[in-house]
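Below is one structure, written out as structure tokens; the observations come after it.
Naming follows writing order (A, B, C and D), and every chain is counted from residue 1.
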Amino acid sequence: MINGEKRIGRPLRWAMIGGGRHSQVGYKHRTGALRDNTAFQLVAGAFDIDPERGKDFGVNLGVAEERCYPNYQSMFRNEAEREDGIEVVTIATPNGTHYEITMAALAAGLHVICEKPLTFTTAEAEEIQAFAEKQGKIVGVTYGYSGNILLLQMRAMIAQGKIGDIRMVELQYTHGFAATDENDRKSEGQKWRVDPKIAGPSFVLGDLATHTYYMSQLIMPQMKISKLLCDRQSFVGSRAPLEDNAYVMMHYENGAVGRMWTSAVNAGCMDGQRIRIVGSKASLEWWDSKPNELLYEVQGQPSQTLVRGMDYLDETVNAYERLAALHQEGLSDAWANLYLNIAIAIDAKERGDEETLNKLIYADINAGVEGVRWVETCVRSAENGSVWVNFDAGVPVTS
Amino acid sequence: MINGEKRIGRPLRWAMIGGGRHSQVGYKHRTGALRDNTAFQLVAGAFDIDPERGKDFGVNLGVAEERCYPNYQSMFRNEAEREDGIEVVTIATPNGTHYEITMAALAAGLHVICEKPLTFTTAEAEEIQAFAEKQGKIVGVTYGYSGNILLLQMRAMIAQGKIGDIRMVELQYTHGFAATDENDRKSEGQKWRVDPKIAGPSFVLGDLATHTYYMSQLIMPQMKISKLLCDRQSFVGSRAPLEDNAYVMMHYENGAVGRMWTSAVNAGCMDGQRIRIVGSKASLEWWDSKPNELLYEVQGQPSQTLVRGMDYLDETVNAYERLAALHQEGLSDAWANLYLNIAIAIDAKERGDEETLNKLIYADINAGVEGVRWVETCVRSAENGSVWVNFDAGVPVTS
Amino acid sequence: MINGEKRIGRPLRWAMIGGGRHSQVGYKHRTGALRDNTAFQLVAGAFDIDPERGKDFGVNLGVAEERCYPNYQSMFRNEAEREDGIEVVTIATPNGTHYEITMAALAAGLHVICEKPLTFTTAEAEEIQAFAEKQGKIVGVTYGYSGNILLLQMRAMIAQGKIGDIRMVELQYTHGFAATDENDRKSEGQKWRVDPKIAGPSFVLGDLATHTYYMSQLIMPQMKISKLLCDRQSFVGSRAPLEDNAYVMMHYENGAVGRMWTSAVNAGCMDGQRIRIVGSKASLEWWDSKPNELLYEVQGQPSQTLVRGMDYLDETVNAYERLAALHQEGLSDAWANLYLNIAIAIDAKERGDEETLNKLIYADINAGVEGVRWVETCVRSAENGSVWVNFDAGVPVTS
Amino acid sequence: MINGEKRIGRPLRWAMIGGGRHSQVGYKHRTGALRDNTAFQLVAGAFDIDPERGKDFGVNLGVAEERCYPNYQSMFRNEAEREDGIEVVTIATPNGTHYEITMAALAAGLHVICEKPLTFTTAEAEEIQAFAEKQGKIVGVTYGYSGNILLLQMRAMIAQGKIGDIRMVELQYTHGFAATDENDRKSEGQKWRVDPKIAGPSFVLGDLATHTYYMSQLIMPQMKISKLLCDRQSFVGSRAPLEDNAYVMMHYENGAVGRMWTSAVNAGCMDGQRIRIVGSKASLEWWDSKPNELLYEVQGQPSQTLVRGMDYLDETVNAYERLAALHQEGLSDAWANLYLNIAIAIDAKERGDEETLNKLIYADINAGVEGVRWVETCVRSAENGSVWVNFDAGVPVTS
């Protein structure tokens, strides 16, 4: 149970890059990080590409004016000179800047929390992985939905054999907000997402599906993809070569098969993500539009709906329970869990507490690398005519 | 509105082959055909492979004892000699017998209503098609779910441009009743379905997915598949080469893409069929577990749920309305619609009423051929390593 | 399991009074009675107040022209003279005629199936009860929804102690189709329902709530109301004194409490009936808009959804299973069950088979009497200022 | 849109009384108050009846050790002497202490945020109301669910005539966690709730239904109850005279009628609160288990589901939007809105900004008084044999 009491010695001194006044995701980062004021304190920021607007915004958040910087370079430089300088920085900028800023932050001796997808290429992501290791720093990746605690229930039940052997994996993250090109022109947040120079080699695969793919890894850490096939489309033609819809088929090493559907042109769809894991005797299904419920269907028995907050859930789930049964948790609670775990990881890293680090399940640098690798492999399949390509996973993720 | 009044001059004299005491589907045929006693009258049958049991069963249904035959051959022979002999026969036997019995029935001058999949091969199906044409007889195929009238609402709304251009087609027909091999050994109805000699080249593709595929054609008659890719598995190993799970990816000629998931090992799943058609501005979604509701989601607007029986539905839908709003229709009503349409087709054929035949939307011989062709193409893809194969559709279906 | 085979020696010769071409409910009667042609055969009728239209309609249904009568009197007279004359008659006319026609039918030696509410007053209903007893005839009442077989599952689970002691009973039958007075003027079916001379002392209490009240008796035969309070309104003022909305609060003899909400002005509501029975350790909930599902909620455990057609259901339920799991049953199946049970009752009555009659759970004359008594008591409470009034139930219902 | 930027000049110096380590609701207060650190700062507290535990807890939250007080008296005394002393205090203690502590806080010149129900009697509540007025201080009441922003959509749509004239009001707040007396003995949080000396004259009416009743006022500020009738039960006998289940029927001055069902013995129910407002042409329905969805049912049209975060919502709703569409908000967001509004009220009060105060819709002292009055009237009805009693509302609430 989480009630706001401190989990680490003292709050970490935290800064943000990006996530300013007009950013949608910036507020999710702050909501997650500052939930209880016992894990992080926001002390500095380079919030905006427009320095004045960024400073005004930071001051409105309560950051000291002199610690609202015009860019990340000046922030890293100036904060390094302070005794109470920042220890960890969140990077909530467009994809194309992640690699450069993360490397600079690590070089500046900072822990990093970076938006997904971590980089354009697996090679870059692995470079970050190696450099973080060398620097002895944590790099967390903000797969925000992964903080939904019923995912841990799925993980526990699968590990306990409650569904038998995994046979099929159904993954979906779709919406319809880009059904037309209107926002490609009007919305700052959408404009860069369909520009390969800023977004990288994919639109929805990287922007949406990496979330759900990581969640599938969180739920079934033992499952390894052996090969996959990706068929992607640009229904709004101006987005080509970036896809606004993609289907991926996956084969796992244990003989299981799976699918991912990701789309920004699934007109009218408000369900977001769905995950269904089918085993030899039962299935588990979770939708992020009903995050407090988990469907458990044993073949031949009445289907069961498990509800967040109940005693019958696994202890690994209820360790993160915040509001108690009947009280709906939502995405802000999920982000709070995500950030809390990263704080615990940073604290443990600083203390050299490998035991805690090994046990902690969180969206770490490996999760960042694997997400990029999965996108890269999907794009390679699609570009070769939507053919089967082998998938060679790297370091185990969240196992 | 349907209230039981006759739609054709007099009820057709009808017989069944198969569908006896222990058949699950046999009762659906009778329920559909005999709904109002104004379309069909059951006057004869070769209900069972066990002649005595078949006779006892037929008598219990009210069929005259002397018209309960030991096999279809004797029925065709004896009925041909009666002035009040049968005019139309339903074939509700395992797949492997469909071709032979259908050809014999046509040769005997009978109209035919046959279970799906019509045959093992497209060549056989086309042979039936040609022979029926020659004989001037109707061959209907019992895609029973296709009688759900909200499918006509989908068809009407798509034709009226209510969803814009079709982009994605999501099809699903899965259950979990064959999650283990228990029924492969115990259940007569399941045993032959996994025996290639009786079931043909597929299990779930033919047994389940052909229903949903036909429904997609009914909804979007203008859409033609250009190529497809099928990945199929035998999770219960003893079923190989027949699949108990299959994924199909489809490309349509207009640039749309689609997927089918069909499975008998989707443990615990009780939803059956789901159809989602995504257009450039809205989507339509229907589940056969909630057959009286149709979800209409216009991007950027509140989602709408259309309900069977309401005045706002298209007139082509309400022409088949039976019970009025608030009163749930189910699969027995769907089968009644299916059989009623086939009766109207037979009546029109006999009267040479081509206008009625051309306007009537029903599961005709073309639907039967195309279902077989689709399965055959899926199997070819799967057997070649789950690669893309071209799909050359035949005569237009239900357009 | 029901597959259409005969349950009684031969089909009963059956006639309808009312239920003609423009009747909505008439088709439900025929659909129910004629489902398998082994329980009833429609051989005569006085279908319409307009004799010519009635005859044309009857002929279209397949009834011999000379047995399509201008009124029930001539039908009773003429059929009595035939050797193959009718044995049982359905009365599907407006409420105000039920008493007179039922008494005449019993006097003519016929079994009766009558629409609800059976009569205007309990006294009349009890007179019918006594006369039927004297004549040795069955009077069934068409509480059509009560044929939904998951109600038997509720009955079985409650009897088996699966919810503990019953504490609360939530009943609802509401819709919004009379939200305005438009149909009071336009629709024949609605016009008489708000005319006290034809409808009797209530609108929605008798028209809607008697269904749900009977279903509650079917589910919990041991529960007796001790007192009740009714608050009723005429939101469309021209309907006064007849109510278009009513709330009833009930106290049961065992200390349980309950509520009924019935309304024809619940704008936009398409759910129809809901029944929730709360026990000391669990609850059962069923909605007639999802008739194939039953919610079972044990306090402190995952909630369960039981689905029609599954082996885990009680044998008393699966004895009435028609279509098997995954195949939705609807209201036409419910009416088929209702009529089948009445046929079995009539057959048993004729054979003097008291054992069958005692075991059979069906909507009998007692159910008809108790429905009228409940409405009468509600109206008495409402007319006295919505005060508590004692409820003295008569003969046990469906126990 | 809320993104964390300050809404008032500086954060208010805030303290808590109660809400310590084992309190379930305490964390909700902190989560709500501290969401963005721009409305409140937690600087002191008397968190626990056990002073040592309370101090340890406060320190773990980041409160200075010397400002973790053993009781509220010492906190008020000591804080009054500090230049940076507290300005506002939250009272999250059992009901029986609310009156005394609130009066003391007002006397100490503090603004107050108090748990519901505000007091045992209306007289006490009105005394607080008068004293707050005299002191020029705000008293907010933590009807936490009322911060769910789709309630504002209901308010706006009703005000705009989207449902016509209100006819029926269905309110429900039930759960089953007290189905047995187990927690009456084991759980500290439950023990006092069934002790009339600490809980006051009611259990579920005050503990649960006051939330939903306030929400009905928020949604329909113009609606006044004229009379009501309450039937309450103690299914767990040891709770008598406090009820664990209650039904309330209400008549409104405009002719509308309504019902409330509140229960702690609705075994297995996990839905919590449901609100349905039925108008002459449409209905609105909201459940707190699906807080991001609002059902809008216009009679004769497809039902609509409105979703939080969409542009089509009223601007008064989207002013409180935090996470954007597709991202589920939950109870922690609702509490954040509640606390933010109270901060704005306090700030306006201090600045003498009556315009802001008049426009602001929040759970103010009037809402507190009216909740107590409603409970008191319900209890009076129940104690007099569940009879109709007149309801004389006081000052308008949230209008």
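Observations, loosely collected:
As a working rule, contacts are C-beta pairs under 8 Å (C-beta built on N, C-alpha and C of every residue); 3 or more make two chains touch, one makes a residue touch a chain.
Not measured: the values here are computed from a predicted model.
If you take chain B and chain C together, the chains in touch with both are A, D. The chain pair with more C-beta contacts between its two chains, of A-C and A-D, is A-D. The chain with its C-alpha centre at the largest distance from the centre of chain C is A.
In whole angstrom, the spacing between the mean C-alpha positions of chain A and chain B is 44. Per-chain CA centroids place chain A at a distance of 56 Å from chain C. For the pair chain A and chain D, the distance between C-alpha centroids works out to 34 Å.
Along chain C, residues 177, 270, 296, 301, 303, 307 each make contact with two or more other chains. Within the complex formed with chain C, the chain D residues making contact are 163-164, 167-168, 170, 176-177, 179-180, 229, 231, 233, 235, 245, 247, 249, 255, 257, 259, 261, 263, 265-270, 278-283, 296-299, 301, 303, 385-388.
Every residue of chain B that touches chain D in the complex is listed here, in rising order: 296, 300-307, 310-312. Of all residues in chain C, those touching chain B in their complex are 2-6, 11, 21, 24, 26-28, 30-31, 34-38, 42, 57, 60-62, 175, 177, 270, 272, 288-292, 307, 322-333.
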